[in-house]
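Think of it as A, B and C in the order they're written, each chain with its own count starting at 1.
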Amino acid sequence: MANHAAVIGVGQVKYQTQRDDVSIAGLVREAAQNALDDAQLEWSDIDAVVIGKAPDMFEGHMMPELYLADALCATNKPILRVHTAGSVGGSTAIVAASHVQSGVFERVLTVAYEKQSESNAMWALSSKQPFATHLNAGAGGFFAPLIREYIQRSNAPAEVGMQVAVKDRLHALRNPLAHLHMPDIDLATVEASPMLWEPLRFLESCPSSDGACAMIIGSERAAAASPKKPAWIRGTAMRSEPTNFAGREQVNPQAGIDCAKDVYRQAGIQNPRKDLDTAEIYVPFSWYEPMWLENLGFCDIGEGWKLTLEGATSLPEGGDIPWNCSGGVLSTNPIGASGMIRFAEAAQQVRGLAGDYQVEGTQLALGHAYGGGAQFFSMWVVGAEKQ
Amino acid sequence: MSSNPNESAGPVTMMQAPLYLQYRFTAGTSSLSFLHAIKRGRLIGRRCPGCESVYIPCRGSCARCGVATCDNIELTDEGVIDKFTVVHIPIPNNPIKPPFVVAHIRLNGADNAFHHLIGEVDNDKVKLGMKVKAVWRPESEWDYGLDNIRYFKPLGGEHD
Amino acid sequence: MTDIAIVSYAQAPMVRDAGCANEVELIMPVINEALQACGLARTDIDFVCSGSADYLQGAPFAFVAGVDALGAFPPIKESHVEMDAAWALYECYLKMLAGDIDSALIYGFGKSSPGNLPEVLSLQLDPYYLQPLCPDSVSLAALQARAMLDAGRCTREQMNEVVINSRRQAQKNPRAQLRKPVSQEQLQAEVDWIAPLKKSDCCPISDGASALVICRESQAREMGLPYARVVGMDHRIESHMLGFRDLTDSPSARNAAKSAGLHNNIEAAELHAPFSHQEILLRQSLGLSENVDINPSGGALAGNVMMAAGLDRIGSMAAAILRGDYKFGLAHATSGPCLQQNLVTILEAA
């Protein structure tokens, strides 16, 4: 049986399109310092560092752990760099948790970041290869066909996506660190925003942000010594499947289903909608909320959009399972960090430290990230109690 | 105290450091049959010895079984629209003028789909399951790539 | 001491240019070979972790293509480090200690031939102050060699001896890239390349892939598999600023080795030294005696597949122990300019 591990510190930064006031090292250190402050620890208390980010080509900088070792006070410590595409922020947190669960380390700093403003990410992802036509369609060009397929299968009404877009931006108004603050957001504003990839409008898509998120993960002993309430890691899971194979179910991928089942089993969750109090789920395009509601077992197949329409996932509407109370990826998206933000926000909810977007009395929360062609998944469940 | 002549100039917040790296792209041994064929205007997929699925373009394995693909299979340039979207996003320097349709196309006899454009039909007439046929560029423009196909168009008379 | 057993290791022949082979074609044969060698099926493996770097071949998400070689359906538990696969093994090592998993497949691959590797590696440097100057990896290593020579930590002849030993050992290793014996006289006659380094002091640029399988000792015994036991693993990094470091010493390697369980009975060491002077430096920093056999595989000077070479050191040492050549061995992996980051694994015969 693994040793217990808990989140004992969380640090984020103000997310925005361009953080030109700091270097990459400055950005990463700012989040890490905030996490240390939250845990009331010093740099010397940290035994190891685990960092994560999306492709090196986003910043034009290879294997950044080498350069960041100094800024993260990692010299003469272990530092490891994780990269699992869009799910990387979550996977990084899970690898950091393994460090503590192994019994080898007491306190581990984990940081995930992206500073896309330093390079041209669109270029980085579009090197020309002869196996594909050069479509210039962006990430939405990949996911929108899957969303259309979902709509066709489930007969969901068109406003579901727009409602998610509004809901997550209303949540973001409660989170001072969120990138997008749109006080006047409503369905009409979303509907009036330009269509990008049918059925996705501009305001149904995530922004591109600079930002970093850090956590301190500690052992049972470190958690006992921690001044603030810890978030106990009750389960972690990862699953991968290939991008493209005969008969692949892309709308409701098996890897997501299996990953959720695994993490629920570890955390003793029978009915996720009932047993979980809130969830931070990777929703970069509005329609992925109903799609993941189904994939993650919060409802039956074809029913996810009904939960969204009923307001079940909305904090201000008093929904029973508020999703993305921090504003989610739709409000803040430093790609490599987006997964870790989900994991960290789930932790903040069970620590009771989520401020104006706190779901009262949260005992159990789910953090979720996915990446690639919806093929890499990482999830954790954190709890207010150890078990 | 030394006086700094640059003090009033404010912080440096951005510098340009362009990178130029040249790579000699290599496509994979098992992709050779596909690339050589498409250069001649033909479509070659490969079959998985395990589950018998046919992949085009094939990168060397059946990802489901994790085994190397074996036989070359010649396919026609006709297939069906498996999934699609209408792209409106204006991307700078994009030679394709939005709105345009991007579809997952599954060629007849193939078990996977690839992304391509749909043409010669109103965007709002495109449907899932629609039968389509490749429209090739002039032979003089053919190179080693899927771009030799300009787009797919609905197969005449098959759509309503 | 752990109950982690290395039961299998497979390596593709290291070559200067793997031609048009793609990721899948590089990886699949070594994965199959490693699994077949230990008799485990893919479905018996609890976790897969890989190491690779996109900039080597210049396309993002190289590791995503790698998943196509795994038969990852039904979906698998899988992760990736943008580092040498020795660190992927370390991730698995922690998960084994945590009791999360009982077996793992680790693979690393690198195809450096499509680009200009020494230039590509300059992208590892501080992106604001160093990288724009484009110091290539060989030039930085040459600075370190100069420092070693000037400090009297090594001589030109000792560097030559390292090369001679590598080539001699590599003759026994059919997968090695450079296997042609050389003499002290030949090396003395060789002209400087990036002074004080001669071409022979530098590892070749290699394409290749390797895979390694670990499981619990109890499982290895039940299956009747020979294995090498992992005594311990650890790694440390040093400052990125070369000016802050004593380039003639490696405290990070020394501390990692101590923590991994370094002891006086080590008979052989696989040292990931891409440049001849670094082997001398590592020997000294780790306090390895004259009796310790260095790089029985030929080491990185005989072939250095980026993102696999560190794992290769561990795999090669495990293989040597499995052959019965040694009872106690050390394996070392490095990353970054001038041995900035170092990982040490201590192994022993079962």
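Following the convention adopted for this analysis, a residue touches a chain if its C-beta (ideal position, glycine included) is under 8 Å from a C-beta of that chain, and two chains touch if they have at least 3 such contacts.
These figures come from a predicted structure and were not determined experimentally.
Q: Give the identifier of the chain nearest to the protein's overall CA centre, each chain being represented by its own CA mean.
A: A
Q: Which chain has its C-alpha centroid at the greatest distance from the C-alpha centroid of chain B?
A: Between chain B and the rest, the longest centre separation is with C.
Q: Where the centres are mean C-alpha positions, what is the separation of chain A from chain C, in Å?
A: Here chain A and chain C have centroids separated by 33 Å.
Q: Which whole number of Å gives the spacing of the CA centres of chain A and chain B?
A: That pair's centroid distance is 29 Å.
Q: How many angstrom between the C-alpha centroids of chain C and chain B?
A: Taking the average C-alpha coordinate of chain B and of chain C, the gap between them is 36 Å.
Q: So which bits of chain C are touching at least two other chains?
A: 55, 58-59, 67-68, 70, 72-73, 120, 123, 127-128, 131
Q: Going by the contact rule already set, what residues in chain A reach two or more other chains?
A: Answer for chain A, listing residues that touch two or more other chains: 60, 129, 242-245, 248.
Q: Which chain B residues touch at least two other chains?
A: 19, 25, 27, 31, 59, 63-64 - these are the residues of chain B that touch more than one other chain.
Q: Could you pull out which chain B residues touch chain C in their complex?
A: By the definition above, chain B touches chain C via 15, 17, 19, 21-32, 59-61, 63-68.
Q: Would you pull the chain B residues touching chain A in the complex into a rising list?
A: Within the complex, chain B contacts chain A at residues 11, 13-14, 19, 25, 27, 31, 34-35, 48, 51, 53-55, 57, 59, 62-64, 83-89, 91, 94-96, 99, 102-104, 111-112, 114-117, 128, 143-147, 149.
Q: Can you name the residues of chain C that touch chain A in the complex?
A: Residues 53-55, 58-61, 63-64, 67-68, 70, 72-83, 87, 90-91, 93-95, 97-100, 120-121, 123-128, 131, 234-241, 244, 251-252, 255, 335-337, 340-341 of chain C touch chain A in their complex.
Q: What residues on chain A touch chain C, complex-wise?
A: Its residues touching chain C are 1-3, 23-24, 55-57, 59-63, 65-70, 74-85, 91, 95, 98-99, 101-104, 118, 124-125, 127, 129, 237-245, 248, 253-255, 258-259, 372, 375-376.
Q: Could you please specify the touching residues of chain A with respect to chain B in the complex?
A: Touching chain B from chain A are residues 20-21, 60, 122, 129-138, 140-142, 144-149, 152, 194-198, 242-248, 250.
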